[in-house]
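In what follows, chain A forms one complex with chain B and a second complex with chain C.
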Partner chain A sequence: MSEPLAHSSVSDKRSRTGGVRTFPSPTASPARRRASTEALAAWTLAGPAVFFLFVLFFLPGIGVFVIALTDWQFGARSLSFVGFANFGEVFADAGFRASLVNTITYVLIIVPGTVVLGLLIALLIESGRSLRAFYRAIHFLPFMATLTAMAVAWEALLHPTIGLVNLTLVAIGLPTANWLGDENTALPVLAVIGIWQNLGYAMVLFLAGLKSIPQDLYDAADVDGADIWLDRLRTVTLPMLGPVSMFVVIVVAVRAFESFDTVKVLTQGGPGHASEALLYTLYRESFEYLHAGYGAAIAVVFLAIVVTLTLVQARVVDRKVHYQ
Partner chain B sequence: MASLFIDSIRKNYGPTSVLRGVSLSIADGEFLTLLGPSGCGKSTLLRILAGLEVQDAGSISIGGRTVDELRPKRRDVAMVFQSYALYPHMTVASNMALPLRMRRLSAIQRLPLLGRLLPGTARIAAEVDIEVTRTANSLGIGHLLARKPVQLSGGQRQRVAVARAMVRHPAVFLMDEPLSNLDAKLRVQMRAEIKELHQRLGCTFVYVTHDQAEAMTLSDRVAVMLDGQLLQVAAPQDIYADPADRRVAEFIGSPKINMLDCVVRERGSIDVAGSTLAIDAEVLPGVPLTLGIRPEALHPADHGGQGALTGSVLSIEHMGSDLFVHLDLAGVDDPLIVRLPADRASHIAPGQTLHVGVRPDRVLLFGRDGQRLRREVESGRASVTPIREIAR
Partner chain C sequence: MSGSNSTVRLAPAAAILRHTVLLVSGALVLVPFVWMVSLSLKPPGEIFRASFSFWPAEFHGVENYTNALTEAPLPRYMANGLIVCALILVLQILICVPCAYALAKLRFPGRDLLFGMVLVGLLLPHQVLSLPLFILGYQLGILNTYAALVFPYVVSPFGIFLFRQFFKTIPDDVVHAARLDGLSELAIVWKIMLPIALPALIAFSIFSVVGHWNDLFWPLIAVRDQSLMPPPLGIMAFKNEEAGSDYGTLMAASTLVVAPLLIAFLAAQKWFLEGMTGGAVK
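Entry: the complex of A and B
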């Protein structure tokens, strides 16, 4: 970079002093040359990322939209365009609607559960002095672990006859249940596992949020008379955690919409369709029944939900909770 | 209305001693400034007064009542923070109403929805609104009540912070560097407003700052702190003209006071920087001392020798009405700074030799331990008395 700069300064000096012009048009070219060098550098640096983003992200995305408009069967050699027929079929299908309701129910259990418990644990860890790192670690572990493997462990715990959960319930004299085999309990149990998994993530974000609250505000609250824990929570802690809470809600909601591992490993959507979630329906339609066009239409609907959630966060909520 | 009594307060953070036995009594309605460089313990002392920190030893009483065991809200103090510490999610009106709501409404009455239905809540809330509006109007922020803190300028936030402190009529105002986040022009304006506020309210103010201009202009008395100790507590003019300690003399005044090593030659004369000055200090001949002289207590002299210092001009700083001449004295490391009226010093140029006379009555003598040696003339006989820490 130093050489072209040196050249340009020489040519600048010559043009100013009216010396012999060895470069063509010495006043305009250095600036233009620098601009094109910068553009070249920018494309060189961003190029690989742009290429892979396009090939791995945008092209398949567009592909899904296109497939959703066809009657393509997975592996078939021919296809024909059917317009929006797949979407009509998706919304008319009772199975899909049940799956959508299941997913929304699942999200509505996981989000409040994760936010409330995550905040509670973060507050408990912040208020104590000892073993903070230990509590942080054990609550964060489920988030780090492979969920498929953890699902197998949960399956063992929840086994109707030899699982630890039912054995414990028997020991203390409470009624047992076939947790994953009963259509009334299958979805709530999956949601509890979802909370268990996301709790640590919410806790870490809340801990970071708690650390960023200025001590001055707590001091002011003390002097103003808001000095018992409930008043401090209402006057300072909860309002100041607003942005973090909103972020946690959106991220956990998106993660809950995406849940697939536990459904696939533990219930396969059953019993009946009691625990069938959106992503599992998509998987089954596309790769088990090979209805690729129909599956792609579900994928588009799914994408629309996730994008909407993200936009809600970006547009509405961000403005409200940042107090601007 | 309350006097404040601070009795040998000590505070340690681990092995670091932040306050080493601070005692001070502040009169009812007095404006006292705690002045010192950062890290001297002045903010810690203020936080202990507020009840936000607990002292390791010593006692505080406010209005004749010992408050050591009381929580901040029971001490009848209000505090203005350096960062203002306004609640960002509340409007100006809610910020100001909070201290009143916390005191007057019960926990159940403060509940979000249910509270409004309880008897008395509406009446108390209306009273609070009236008082908030009245206080806001008196500070000229009545039109800002519906805004959030982010929509306010620095000066407006500062006023809101003062208003929140004022609204419940505390006996003592505690202010922790309230002007340090403002630009220079606004700081001067707000300084005047705080002084006016003190005169209007007539209650006790304890004001922490590292800015000597704020301390000098606002205070009835200034308490100079260094390394967790009070060095001197006195009126601003006494702190400047009659410092008890070398560190006080050096901290107060801009440009800094000139400090010169000197030796007592005989009774009534002192050797300093190659000259002999006729200054009475009843110390045994040969004892080394430090001579302090403010830049404005020096004046050009016609010739050197007895009673004058001689040096070559290093540089001249023009300050408008005055100029500061930096003078290189033989055998002295730091330049001597002389403050002269601009119209009497037009002939001075760098490199030139200059004689300056010393006003003997403005000379301050310090012992090697930094204590001031006070020259008291009693029945024609001068005597030297080292003064101790003054705690009135």
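Entry: the complex of A and C
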């Protein structure tokens, strides 16, 4: 009686682990021994990664939630749990609310700007054959360039008296502005820099999307009489780009939420709170004002936003691709 | 793949329109780069006289670039960037590749859980973890050292994910044959799998190096000494120090920081596009 039982338990295990091994194993124990050596090897190989994932991602991830529930300040010897008081304080703070509204405004400018421009440029590049790599490279350059250094270049461009932008406006008789020093223009200008930096990234993703549209669809559209470029665009290209567009929207939105360098280098959130963005507020509260508990609460809010966006993206992508 | 899906031969008028629009948008995109280089060649007087001319009336490039290399300790910043990026990349590969192999090719209890951990790690923006990581660095006594700049990044969930996806495409027979040849699992990882996964290795290396060369957020928190600053932090420190009085030198420094990646990108476009988009572009 014991023989068939042992067999059935082995085959159970096999089917649970995916049932890849199809050969009947005459004896159970060598297979089991092989399985346990394989498990040992696997955990040895994965061990360092597991350790560091734990220490550098999971403990800090839990840590930030715990700190958010305390009134701890850096350097303080004692702390006490204050429940959700930090979150109440965060949302009651006009500075934080300004920062949140700014960041959302910023995202709402960058996302449409980047996606529309990126798509247009990708369509234009793909509509002809010559100089494709050249145009692609030029438009992608800002995405590669160190943003801190380029922010310094942008500051020179936007300089109120000697910047190229105002020189040009004067030359063609338009009013000038103190772009980074005026509370009405600081945030939109940072958003324009964000679009400038990310549009090449959107373009490249759209180019990949365009390449994956099957030629048959265009042939079918031709048969249906869609011989004008615009018709093909409307009936085939744009509908087929739907999933890619969704992906681009989310990725760019996450990048926009995470923008920090331009704020830090160009405006420090000012004038007033006019260009304060979430990550900058998080940095300043945590590391300049040393309000650890308060900073951690901002981090949790920030995490909630980014994770929500990423999960939406994962759902969209999952419908298209399966990781196997 | 010629990628000529949507390509019809354009009418001459349409072709001209295409080139015109792309040249204009391309030129606009390049303006900040051009202005930066232009200012880096001008003497202070000319910068503040404010003219449209790209080329300086009096060439001051040698002075500006010399200043950038001596006054702002730019070689130091660049060396720091190089050291930090190299350390991060080597450690990431050493730690992530074996784990990716285990996830892709070995069967063991807890595999799905581990992969789930990797996906959760992929989800966490690193800035959110900065407070606890700062405390950890403090406890370890490594703040304001190279180690502080490197340690948060020694494991990359994205790296594990990318290599796992690539290893999955390698037939199991390759692994079985290597085992029959008497190779250990560790030898299979380094001698068989990694060489086959060279495209993934290149893409990941570019992704990693570009990200860490350009990063400002964590270095700002982790180091204070000028002698440890990577390029973005160095540029910022120099800008604050000079308070806008030495534009030419600041622009020269910025140009030198941006140049290596841009030149590498132009030389190996295809690899960079693949690396920077997480393999979405082939």
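Simple rule for what comes next: the second predicted complex is superposed on the first by the 288 of 324 C-alpha atoms of A that agree within 3 Å, B and C clash if a C-alpha of one lies under 4 Å from a C-alpha of the other, contacts with A are read in each partner's own complex, and residues count from 1 in each chain.
Methods note: a contact is a pair of C-beta atoms (placed from the backbone, for glycine too) under 8 Å apart; a residue touches a chain by one contact, two chains touch by 3 or more.
On a predicted model such as this, the values are computed, not experimentally measured, just so you know.
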{"item": "Partners on chain A (chain B, chain C) - clash or fit", "value": "fit"}
{"item": "Touching partner for A:A39 - first (chain B), second (chain C), both, neither", "value": "second"}
{"item": "Contacts of A:A220 with chain B and chain C, given as first, second, both or neither", "value": "first"}
{"item": "First, second, both or neither for A:D231, with chain B first and chain C second", "value": "first"}
{"item": "Touching partner for A:A92 - first (chain B), second (chain C), both, neither", "value": "neither"}
{"item": "Which of chain B and chain C A:I172 touches, first, second, both or neither", "value": "neither"}
{"item": "Contacts of A:R129 with chain B and chain C, given as first, second, both or neither", "value": "second"}
{"item": "Most chain A residues touched (candidates chain B, chain C)", "value": "C"}
{"item": "Touching partner for A:G242 - first (chain B), second (chain C), both, neither", "value": "first"}
{"item": "Shortest CA-CA distance in Å separating chain B from chain C in the superposed model", "value": "10"}
{"item": "Common interface positions of chain A, toward chain B and toward chain C", "value": "214, 236, 323-324"}
{"item": "Footprint of chain A on chain B - complex, ascending", "value": "47, 50-52, 71-73, 77-79, 81-83, 85-90, 98-99, 102-103, 107, 110, 148-150, 164"}
{"item": "Chain C residues within the chain A interface of the complex", "value": "1, 3-8, 10, 14-15, 18-19, 21-22, 25-26, 29-33, 35-36, 39, 47-48, 50-52, 94-96, 98-99, 101-103, 106-111, 114, 117-118, 120-121, 123-125, 127-136, 151-152, 154-155, 157, 160, 165, 168, 185-186, 189, 210, 213-214, 216-217, 220-221, 231-233, 235-236, 239, 247, 250-251, 253-255, 257-258, 261-262, 265-266, 269, 272-273, 276-277, 280-282"}
{"item": "Complex contacts: residues of chain A adjacent to chain C", "value": "17-18, 35, 38-39, 41-46, 48-50, 52-53, 55-61, 63-64, 67, 117, 121, 123-131, 133, 135-150, 152-154, 156-157, 161-162, 164, 167-168, 171, 196, 199-201, 204-205, 207-208, 210-211, 213-215, 218, 229, 232, 236-237, 254, 258, 260-261, 264-265, 279, 282-283, 286-287, 292, 295-296, 299-300, 302-303, 306-307, 310-311, 323-324"}
{"item": "Residues on chain A engaged by chain B in the complex (per definition of touch)", "value": "214, 216-217, 219-220, 222-228, 230-231, 235-236, 239-240, 242, 323-324"}
